[in-house]
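In the two assemblies presented below, subunit A is common to both, partnered first by subunit B and then by subunit C.
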Partner chain A sequence: MSLRSALTDTLFLLVAASVGPIVALWTGDTYTLVTFQRILIVAVAAASLNMILGYGGMVNFGHAAFLGIGAYAVGLLANAGITNLGAHIVTVIIASGLVGLVFGAIALRTSSIFFIMITLALAQILYYLAVSSSTFGGDDGLVIDERSTLGGLYDPFDPYQFYALVAAFSVVLILMINHLVRSDFGRRLVACRDNPVRAEALGFNVFATKLSAFVLSCIFCGLAGLLLANQTEFASPDFASWRRSGELLVIVILGGTGKLYGPLIGAFAFILIEHTLSQYTTHWAIIFGPFLILAVLFFRSGLAGVMDQIFNRLGWRVQ
Partner chain B sequence: MIEAGILEVRGAHKSFGGIIALDDVYLSLAPGEVHALIGPNGAGKTTLVSLICGEQELDAGEVYINRINATRLSVHARARLGLSRTYQLTQLFPDLSVGENILLSLVARDGSRLRVGQFVSERAARRFADEISCVLEEYALHDHRDALPGELSHGDRRRLELAMAIVRDPKILLLDEPLAGLSAADADALIEMIAQKLKGAIPILLIEHDMDAVFSLADTVTVLVNGKVLMTGRPDSVKASKEVQLAYLSEEDDF
Partner chain C sequence: MHLFIEQLLNGLQFGILLFLIAAGLTLIFGVMDFINLSHGSIFMMGAYFSLVFQRLTGSFFIAIVLAGIAAFVLGVLLELLLARRLYHRNHLDQVLVTFGLILFANEAVTIIWGTQAVYSGLPESLEGQLELPFGISYPTYRIFAIGVGALVGLLLYLFIQRTRIGMLVRAGATNRETVSVMGVNISFLFTIVFGLGALLAGIAGAVAGPILSVQPGMGETVLILSFVVVVIGGLGSIRGALFAAMIVGLIDTLGRAYLRDILSTILSPAAASDAGPALASMLVYILMAVILFFKPEGLMPIQKKR
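Right, the complex of A and B next:
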C-alpha cells in the first residue's frame, strides 16, 4: 500500500517534471525550461502550504516569507563565496526552521481569522526588514553572483542540467511532503484539525502537533526559496510579499485544498494561464480573477477533484 | 485524610461573570465504583466535568488524578494520566471514517506523545486493522467502518464515542449524560453494557438524568444543586433524603 502510493507519486511527479524538457526539445526553445522550473518550484511551496492548510487547517497568509528566507540565505552565502549546495541546504533548513518555530509559536496561540492576520503581520515584518536593510539590498533586492554548486559534478549554467537539478530537488521534496501527510503523524494532524477537543481528550498535544507541522512546512517552503534564488539568480523582497503569499493560497485552492496532487496541478494551471494571458495583456488579472472565482465556486475540491472524477470514471484509483 | 480516591475534587469554585456555576465542591471517586452525579439542568454538572479534565480553569480548588495534583495540567496531560470522557454533545472526528476514529483512539492508547518515528512510519492503519474490526464488532458498528460519523444514527454515534473513550484503556471514565437522546432500546442496551462490562472494572463518574439508570448502576450518588453539593451517599439514602426530594426529585417531571 505504502510502496504503491510512493510509486504512483513518483510516476506522476516524473511525468510532470518531464513536460518541460519535452516541450523545450520539441520547440527547440530552451527558454521554456524556465517556465517549467518555476512551476515545479512554486508547486513545492504550494505543497508545503497545503500540508498545513489542507491537513492542519492553518491558513498561513505569510507563507511566502519563507520563500524569501530561503532566497536571501542562498544570496548572502553565495555572495560571501560559499556556493556549495549542501551548505545552502543546511543553512536554509536552520534559518526557516527557527523563524518558523517563532512564527508558529506566536500564531498558534490564536485561531481562525486571528491566525490569518498574525501570520500576515509576522511576514510583513520580514518583508520590511528586507526592504529597509542595506545588507539585503533594500528595495532592489540582492543580485546573486553564483548558483549553488555541487562540487563540479554538474554545470549550473547548462539549461538542461540546471533543470534536472531543480526537477530532482522538487520531486524529492514533494515526495517527502506527501509521505508526511500519509504518515502516522499526518493522521494525528488531521485529527487535531478535525476536532481539537476530542484530540486533546485522547491525549494528543494539539499545539505541539500543529507547531511541528507548521515548522516542517516552513522548512519545505524555505527550500523552495533556495531553488527560486538559484533560478532567478536574485533575492527580492517581492518573494516575501503578501501578494506572493496570496498567490500560494490561490494555487492551493485552485488545485484542491487537502488533495495530495492539488498543489502541483494548481501550480501548472496558475502559471501556464498567467503565462498565456500575460502575452496578450498586462491586465491579465482581470480575466484570471473571475476565472478563479468560478473555479472555486464550481469545483469545490479544485482541479485535482475534477481529475479524481475523471480517473474514477475511467476506473482508476488515485491517492 | 483516610483514603484518597482515584479522582479527587477539593473545594472547586467556578463562576462565569456573575453566575456561580460551582461553589466549594468536593467529590471523591473510589477505585472501581460507579459514582453518579445528578442534579437539575444548570446545576453545574458539565462544568464540573470540564474542570476535572482541564477544559476550563478552576477559580479556586484542586483536582487530583491518581493522587497526582493535576490542577495546573493541560487537557492532554490529564488524559495521559488515564482520564477519558464522553461529551453531552458527542465529540468525534467528523471528516474521518468510523474505523479511523477508533484507530486514533488505539493509537492514543499505545502512546499519545509525538515521536520521531511517527514522521517516518505509516504503519498504524495496518497494525491496528484487526483490532479495529474487533472493536467495531463489539460495539455493533461493523457495518459502518467506512462511514463518516455524520452518516450514523444518534445511537451509533454515542456508541462510537463510548468505544473511543473505552478502548484507550483509561483509569477513570467520565460519562456526561450518555443516555440523552437515545431510544429506550438503545438506552437499555447501553445500561446493560455499563453494568456488564465496565462496572467494577473501571471507576466511572456518571452524569445522568434517568433516575432508574442512576439508581440501578450507581454505588454512590452526589446531588448537585445550584453549584453546591447537596448530599453524597449511597443510592437508597439519597433516595430517602427529604432534602433531596424537595430540591430535586420532586421536580423530576420538569425534565
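Right, the complex of A and C next:
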C-alpha cells in the first residue's frame, strides 16, 4: 500500500469518526455518540464481511456468529473479573480465529448455494449453543457488569472517552482490513475468486488463500463483537442470529460490494435509515423490506459506486 | 416403549412437514437455480390464510384447500413480479431480495394480526386421542397431519412422474437450456414450478398451524431446517428431500426427547440438563456439516448436465 493511499484512508476515517463527537458537542446530546459508535462497530463487522464477500466472492451467511463470539468472550471474561482490554483482545482473536478455521475448513469444501447454506447452518449451531446453554445466559443473554479497562488509563463510562476508544479501535481495524485488501494477499484473493483454475496454475494455493482470508475476516468480526459488547454492556444470542447475518450482507451491498469505503457508508446509511424510520413507526421493516428489494434490483453498485461517479465528475480520483 | 413409538410418530410428522416445504424449495433450486428465503414466509402465510378461511367458511378442511390455492396464487404473483427478474442474477442478490420479502411479510403480518400467537380451534372430529394398535394412544390431529402430508407427497410424486408438466419439470431440473431449445415455454414452466412450491408450503403451513403457534416469524425456523433438508438431500432432488426430511425430523425429535437422558449416563445430571437441549438443537446442523464435509453435493444429488 502506498503512503499516499494510507494517508487518504486515515484522513477519511478520522473525519468520519469525528462526526459523532462534533454533533454531540454541538447539540449537547451525548446519546448521539451511542448512535455513531454503533455505526463504527457495524462498519467494522461489515468491512470484515466485505473483505471475503467483495474480494473473495464468499457469501458468508453466518458472519454475525462472530459478533456473538466476540461479545460472549468479553462477557464471560468481564463477569469472571478479567476486564483488561488486552486480555479481551487476545481471547477474542484466539476464539474467533479457531472457530473461523473450523467453519472455513468445512464451508470452503463447497461453493455457491452450498456455501451460503453451510455457513448459515454453522452459525445456527453457535446461535443455539448461546440460546440453550445456561452458562451463556440462555435466551436472556448475558448482562456484562464491566467494560474493558486499560489499567486505569481511561474511564470507560465517560461517554467521550469511551467513544474515543471505540473510534480509535474501529479506525485501526478498518485500516488493517483496507491494507490487507490492497496488499499482494488481497490481489491473490481476487485472483482466486475470478479464476481459481488459473490462480492454481500460477502456483497459488487457492484453498489456503481463501481459508486465510476467511479466518482473518472472522477475527475482525470477532473484534467488532468485542466493541459491541462493550457498547451495549450485554451479550445476546440475537447478535449471532441469522437476521443479523442478513443485515450485514445488506449493509455491504447497500454500501457497495468490493468498495473500500462501502461498508462504512453502508453502515452509516443503514443505521440512519433504521433510526429515522423507527421514529415514525415501529413497523419500519415494512418500508425497509421493499426498499431493500428495489435497491438490489435497480441500484447495483451501491452508495460507494454512486459517490465514485460523483467524485469522478468533479474530477477527483478516488483510490 | 410406548413413549418411544410416540416420539417416532412425532418425528415422522415433523419430517413430513419439513418434506412439504423442502420439496418446493428443492424444485425451485433445481429447476430455476433460485434460492428462495421467502419460502418460509409463504409457509407462514398458509397458516394465516387457513385461519382467515376457517372463519369465513366455517370448515377446517375447506380452509386448508383454500389456503393452498391462495399460497399458489401468491407464489405465481411472486414469480411474475419479482423472482423472474433474478434468475440471471447471482445467488447473493436472490438472498437479499427474498430477505427483504421476509422483513416485509413478517411486518405486514404483525400489523394485521399482531405479534401474539393466534390459535384456531380444531374441528371436533380431529380433537382428542386416537387408539392405535398395541395400546398406543396418539393425538388424532397429528395422525391427520401425517395423512395429509403423505397424500400431498403422493400426489406430488404422481404429478412429477406421470404428467407432461411433471416430465418437463424433471427435464428442466436436469438441463434447462435443452428444454427451452425443444420449444417448451420455459417461463410458463418456471411460473408453474414456483406456484407449485408455494402451494406445498401453503398447505404445510395450514396443516402445521394448530401444531405450531401461528405468529410472525414462524416460518424462519422451519425455513432454515428445510434448507438443511434440501442440502443434505442434494439440491433439486425430491427423493433426496424426502429421505433427508425423514432423517432430520426423526433426529431432531428424538434428540430433543432423549439426548438429556443419554448424556446423563456419562455426565453429571446438572451438566446433562444443560448440554442436552443445547446439543439437541444443534444436532441437525452438525449432521449437515458432517454430511457436506464428506459429500459436498448432498446424499442424493441429481445428475446435472450443463
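FYI, the second predicted complex is superposed on the first by the 318 of 319 C-alpha atoms of A that agree within 3 Å, B and C clash if a C-alpha of one lies under 4 Å from a C-alpha of the other, contacts with A are read in each partner's own complex, and residues count from 1 in each chain.
Everything that follows uses one rule, which is that a residue touches a chain if its C-beta (ideal position, glycine included) is under 8 Å from a C-beta of that chain, and two chains touch if they have at least 3 such contacts.
Not measured: the values here are computed from a predicted model.
*Asks:* Output check: A:190 vs subunit B and subunit C. Expected answer is one of first, second, both, neither. What do you get?
*Replies:* A:190 contacts subunit B only, not subunit C.
*Asks:* Which chain, subunit B or subunit C, ends up touching more residues of subunit A in the combined arrangement?
*Replies:* Answer, by number of touched residues of subunit A: C.
*Asks:* Where does A:81 make contact in the superposed view: on subunit B (first), on subunit C (second), on both, or on neither?
*Replies:* It touches nothing on subunit B or subunit C.
*Asks:* After the superposition on A, what does A:151 contact: first (subunit B), second (subunit C), both or neither?
*Replies:* neither
*Asks:* If you stack the two complexes on chain A, which partner ends up touching A:28: first (subunit B), second (subunit C), both, or neither?
*Replies:* neither
*Asks:* Going by the contact rule set out at the top, does A:212 touch subunit B (first), subunit C (second), both, or neither?
*Replies:* The answer is first: A:212 touches subunit B but not subunit C.
*Asks:* Both subunit B and subunit C contact which residues of subunit A?
*Replies:* None.
*Asks:* Can you name the residues of subunit A that touch subunit B in the complex?
*Replies:* 1-2, 179-180, 182-188, 190-191, 194-195, 197-206, 208-209, 212
*Asks:* Flag every residue of subunit C that touches subunit A in the complex, lowest number first.
*Replies:* Its residues touching subunit A are 29, 35, 82, 85-86, 91-93, 95-97, 99-108, 110-111, 220, 224, 227-228, 230-231, 235, 274-275, 277-278, 280-282, 285-286, 288-289, 292-293, 296-297.
*Asks:* Given the complex with subunit C, which residues does subunit A contribute to the contact?
*Replies:* Within the complex, subunit A contacts subunit C at residues 53, 59, 61, 106, 109-110, 112-114, 116-118, 120-122, 124-125, 128-129, 131-135, 242, 246, 249-250, 253, 283, 285-286, 288-293, 296-297.
*Asks:* If we count contacts the way the header does, which residues on subunit B are in touch with subunit A in the complex?
*Replies:* 53, 55, 74-76, 79-80, 84-85, 87, 91-96, 100, 103-105, 107-108, 112-114, 117-126, 164, 168
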